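Chains here go by letter, A, B, C, D, E and F, matching the order in which they are written, and residues are numbered from 1 within each.
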């Protein structure tokens, strides 16, 4: 069973790529980086547990229902307080960009304390632990809880994956990410992160300028410096997104195992339906690959295809099965109708 | 021009009287007691100003658009911070009750300070000031701002109306309403409040038990004690709501001028579309009556009819014109088709 | 085959009984008194023809599709011009009344001339002709066309039904209804009209004041004066609507055959879904009864039940079958679930 | 843990009480008598298992998601075949009745065989078993499976509840219910059924004519004959529904324990939102009462209130908590707003 | 008048290219290969008749309404039984493919027998008969009916068109298409089919591998072998679809008259709205061309343009007029606004 | 404050790029060339006034609300009559073109007379006046009003901008545009118009054939002839639209100041959401540039970027801020997510 730690928020999106100021209604979903990873893995038939906190009201209840729908184990979700984390997504279109408004300060998750988690049992039956840089960015409390979780998992020899997930608009509670993240990342087996975020969060210099896709040959040497800094690391991966416009992206992924860089095919994603959660689907695909294949090429192929499809699904969650991903890999990118 | 002071919030309502846990979308409106009063008065062609604070993002911008739509003057709405007050309304149906979840702590309004208001000009051209008990219930800051406003208005000899608007789930910042409200109410010309709220907020004993509609003869004596406590008072009014079920209410209003109790007809409201904002529509009708008629019977008739119609309109706002209200008064309660 | 003459309009209704000023969208239907009668009869498996005019654009085309859907014969609908008649229906709720805005001046129908109809064939195979007071109210042209149709039908010994359908907001082209209608009504076999409209349109004094339901015993004597004025008349009928509020009506019907007044049961209609077209469904039921039963009691029972159900169906059209009406007559008013 | 056996179907409902012939879309839910009971109990925090069969396609997958959402254990749902049971619900309104179209023949459930169930484990951890008369009505296969389940449960001393749930339009595979049901009912502890269904299904004469509510004094003697026929019976209950019209019902319940008849209050349900699943919510309330209270009065009060609320919720499922039901019991029927 | 024989089904599509598992509602249409052809031809003002069977319930009634809307003659649609054929379409997007679930076994059409058709009149006034390979794939009964129809039409010297329409998921009743189809195809004047389907259904070897568009020069020789096998054949045509992704196709058509291959321009279809029914629109365009033009180049140009537009229209039906198609041919593929 | 003169109409659009004949509902907005310009400028924080006429009903009231929402001053909108101008927009998709149906004859605006405007105050505080060729195309009355306005503005030395806005389907009241427009254009400072419209409306020969983008070097010489004809002209601009298909346009703009041609970058717009109002957004951007920058390159860059974004927003109005436009200019065309 795989455990992830993070916040699940109510996501409100004006329908039909409309603008917030045009709104007469919002489509309502739930989402959050680590919840997205758990649900994507659950859709691959991997048992998962979500460690979090939710308010004691109808919104928290609905979030629990949503996680349960995908059979994610919610027994370690603490129910307390009254503030649901919320975020608004104004999806752009063509040359109009997307906008996100966070309303997650003081949420049940942000106020979670070390005492809210039953540390003696939270990792029972867990053989992989995942967190992302969003969890410790929310509040000092959350940073404390994340650190405790990472250290407990490491002590129990549970492999750990971390998605750097740098968001400039978070990290507002006083400490910069560069102060908090290095200690958290120390125990990481599988890391997801682009060079720019790595530099911000760990100080490892980003030697690249311009499009990394044109400099793939230089990646291994750079990644070796990351491996040197984080000795437990087995894999480091990153997605490479080219934004043609808000509704047309190109998408590929690479993974490095300390020796060789494995690259996926590049997908042409248009019309892009929903980019939010795309990185999380990539992360879930990487974990799935690590757990099931132990073959970096298969892993990066699976993770990139899976997250490519996610961009065609509205909402944060990647709803596809392993079969759906393999069908895409088999037909090489073009959609088709099966009837 | 009439000024009101308070918070306008984003209101999210599951469509078709659905439950929050069933949600796939929310109908989005704006609402808030004092904004509702301003907009209702604007629909009666009375110039109005709204004094408030909103966040500096797309949600705050949309709220400004909404107020401007009704020609409410927003130049004294302070734009600062990033948290929009939100509330969720789960509308009930028949024997299923309604539920409200507030998410307004730490909002731009809650954090507003005395410095955020341009006291030298905020009452320029104002000849009536209105506030409700929700404003000082939100935070100590808000209580300070409300007190300052009341005192400045009083100093400028501007008549003041106050709606007690007691909400048990607010008043959580440390001081009880009984400590904050009496000073605020001191300058009130027109007060809206039921005996129970009066007792909670001012300590004036509520001698009634059971249905007040059956004890209307006892109201004048009771109201005399209120008049004694608040010497500037010219009118005190209250609505009398009988809840048959969540979709069927009866609705009447009474007003007392220190000498006589004036009662409206009672309206049978079914199916009731949206009760939220009903009291604010009643308040706006009372103010309209005081300003236009100076005849307590006409005032209470207008206020009760106007607020009765509000219950048939979705959203917080009373969208009807003076003509619409007078049409209802003329035909005595039954709907009709004009073609 | 039954022919009706009149206008079919695009009907735009704010969804969910909303107000026009709240609109973000309109539900779109088609409707119009005489089209409604034709479609209701078609749903009783009576072949029908609709004589009218529609514009030569996508809106006119959509109207033809809608009539064809119910197998109404449209070969005598003239396609010319570019203006579709439109009307907006703001449905009320409870004590809030409904509002109708007509935008039908200068429509294809309003501009129809005597030359637009193929008089030699328009009544081929027709054994009943129906029109209502709306057709000649639209324009002088339409009054001319209606008169020609009535005279041709009478000359061919086709029985004629007429629904007075008085609308104060029409009749604006110069002549009052009292000048136009009497000649048109001369050939009527079956007339639908309340005493008030009869007085306005024909000058026959309306002796009633107050609720006619309480004075049913006086109806026969009054109707005898109408029979005296229109010697071809076999039946005169009227519906009796009590408006409790905009969503709650009571509904019954009476018919007089020159000798006896036949009354239906009274239906309690709440929640009322859509009153527009209710009178037309009553008219269609009367025609159906005359054609099928030749029994005034069965006719009035059928017509009232059928039109009662219409009030529960959104849109102008009565979509029920003879079986549906008979089921209601059998169970006596209460809804039920058949599974 | 409580197990129920039956079929869960895709339910398609024209939105806004529209008619099937008006359809442009269908609201999609899942429902089915025994699934409804399981989900209602799960919402009371009772662990539940659903024993059934679903097709191996996206529709079956979606049904599993829906059951999991409420934490109903689906490990004994057999996934095989390609036909999802479907039913269409045309909700009536006022005097227009509702219509149901079943499309469930040859479904995965209808084709389920004795081999499809893991009889050695299906009752592991189960301490109550529930089925209804719909399951054996679907096909001979289903009757065989139901009988096997009842006998296995009885052999394991698991209390059994049965809802007669007579549907005239089912029972079409060759055997009448009177041939199949008696043996199935033999082991019943708690039976839900009205006298008319009892006569059809078991041959026990129904001595009542007219409204049973007026003859409650005669019920005990009649129920004694049922107790005599089914010696394991501890309780027999029935709901008493008065249909004022399709949107206005009255609703009460009675339960008999062999000695005394316990009656609930009667609820006035208008506007009624969705009657489908109302009986199942009553059944779930009865089971909850038997398991939690062992007090017939509390049981019938809870069951009737709970199922009363169900009528105000769209879809088959009763989504309320024990707290919601107790709140209704406390306030005695009128809706209210909690804010 | 042109007759087509086949099944019309209820089509259920999750809105906005959503997935079935996300569904809260379905868009509801009707569709079916041969009904689509009839409706497309009707929109070209060609009188058409549809020969089929539908259940005797509200769904069958709604299907009749839909056909009548387009003035398709339904007098030879047999009304019997209770099962409507249904299919679910999950529309993909970009790299996510589409999925179709059929639920048409045991439908009214599948159970139709030779006796259900009035063979003496079904071809009255018919001068072209069309069927597709889906009709005989549904059941042995349907194969029998199709054969009878083909033979009767041939005996009456009515030209016959056939669309091979191979669907691997049908043909499950016991006989492979290769056993059933050859005899049916014997009388074909105009055949639509790609080489792969031809091989499966008739055994004529498919010599092509890879993209046929690159091998157009080899098509005539291949088609000569088909002409040799089916001596009545005058034209054979095929569409050539290149799937860039699920929302971006390229589309062209070719037709061979035994002497020369005529090719259309290729259309770039993005965003593609609805591919279902695209082939049927092509077929209807071919028939229209054969009947109106007798010029293979004009025929293939018309058919390809018409079916290209169909891909931009949601639902199965091609709703455009001859004028709309000719406008596209005139402007050569780019959309434009006419105002 | 900038004043614009023209008509605001109710715009009805089938949702989801559907066809009018498929309609079950219409999205409802308001729009009209000169209102669009005013609102776009208001969104750039430029005070604006709209001079127009609207009917005295709920539709006119809703239009006033919409203008007020954006703080456009409506005090010079005349309220009279009962006909709202309406237009229907059937949005195309891919190779299917868009269609517009106007229903604006006899509207309140079309019937406006010189007396309906308070000429003594209509230009109070105005420092720029804008009109387009649509206003004088509606009726002789409107041409008279436009001429009066242009002459009054010129007399008051207010700079005037004019958008030729040639619509072939208007100009039907008797005079061709070539007779009306030259006098109106005489006072123009900033003109928007392509060579083809210029030839039609002013007789200045259009020397270009084919794509003007390929002949940009020839534009200055041509524009010099326009400058010669209209001596007050300071700038002439045109947008250059390449229609790949109905959902994919390319978009650039050029402006000439009598000396040099300034060109913007070209934007690739796909998927294009709503082209209506794109030209008006370009016009508003030009005015903004003239007023704020007085730098033709900055002006054309701003106007083209702003109007490019408009194509991604549904409805007529350009809802973006100056900041949004500058963000696009900064990132050079690709959308992005800001979170």
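We take it that a contact is a pair of C-beta atoms (placed from the backbone, for glycine too) under 8 Å apart; a residue touches a chain by one contact, two chains touch by 3 or more.
Molecules present, by chain and UniProt name: A, B, C, D, E, F = Sugar kinase.
Just so we're clear, the structure is a prediction, and the values are computed from it rather than from any experiment.
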Any chain that touches chain F and chain D: A, B, C, E
Chain-contact steps, minimal, separating chain D from chain B: 1
Interface sides of chain D and chain E: same vs different residues, half threshold: same
Most remote chain, CA-based centroid, reference being chain C: A
Greatest separation from chain D - chain, by CA centre: F
Chain B and chain F, separation of their C-alpha mean positions in angstrom: 42
Residue list for chain F, restricted to those that touch at least two other chains: 16, 19, 21, 24, 65, 99, 271
All touching chain pairs, where touch follows the definition stated at the start: A-B, A-D, A-E, A-F, B-C, B-D, B-F, C-D, C-E, C-F, D-E, E-F
Chain C to chain F touching residues, read off their complex: 12, 15, 19-21, 23-28, 57-59, 61-62, 65, 82-84, 86, 88, 90, 99, 101, 103, 105-106
Chain D-touching residues of chain B, taken from the complex the two chains share: 16-19, 21-22, 92-100, 102, 167, 169, 243-248, 271, 275-276
Touching residues (chain side chain C, partner chain E) in the complex: 65-66, 68-71
Sites on chain F touched by chain A in the complex: 16, 267-273, 308-309, 311-315, 319-320, 324, 327-328, 331, 333-339
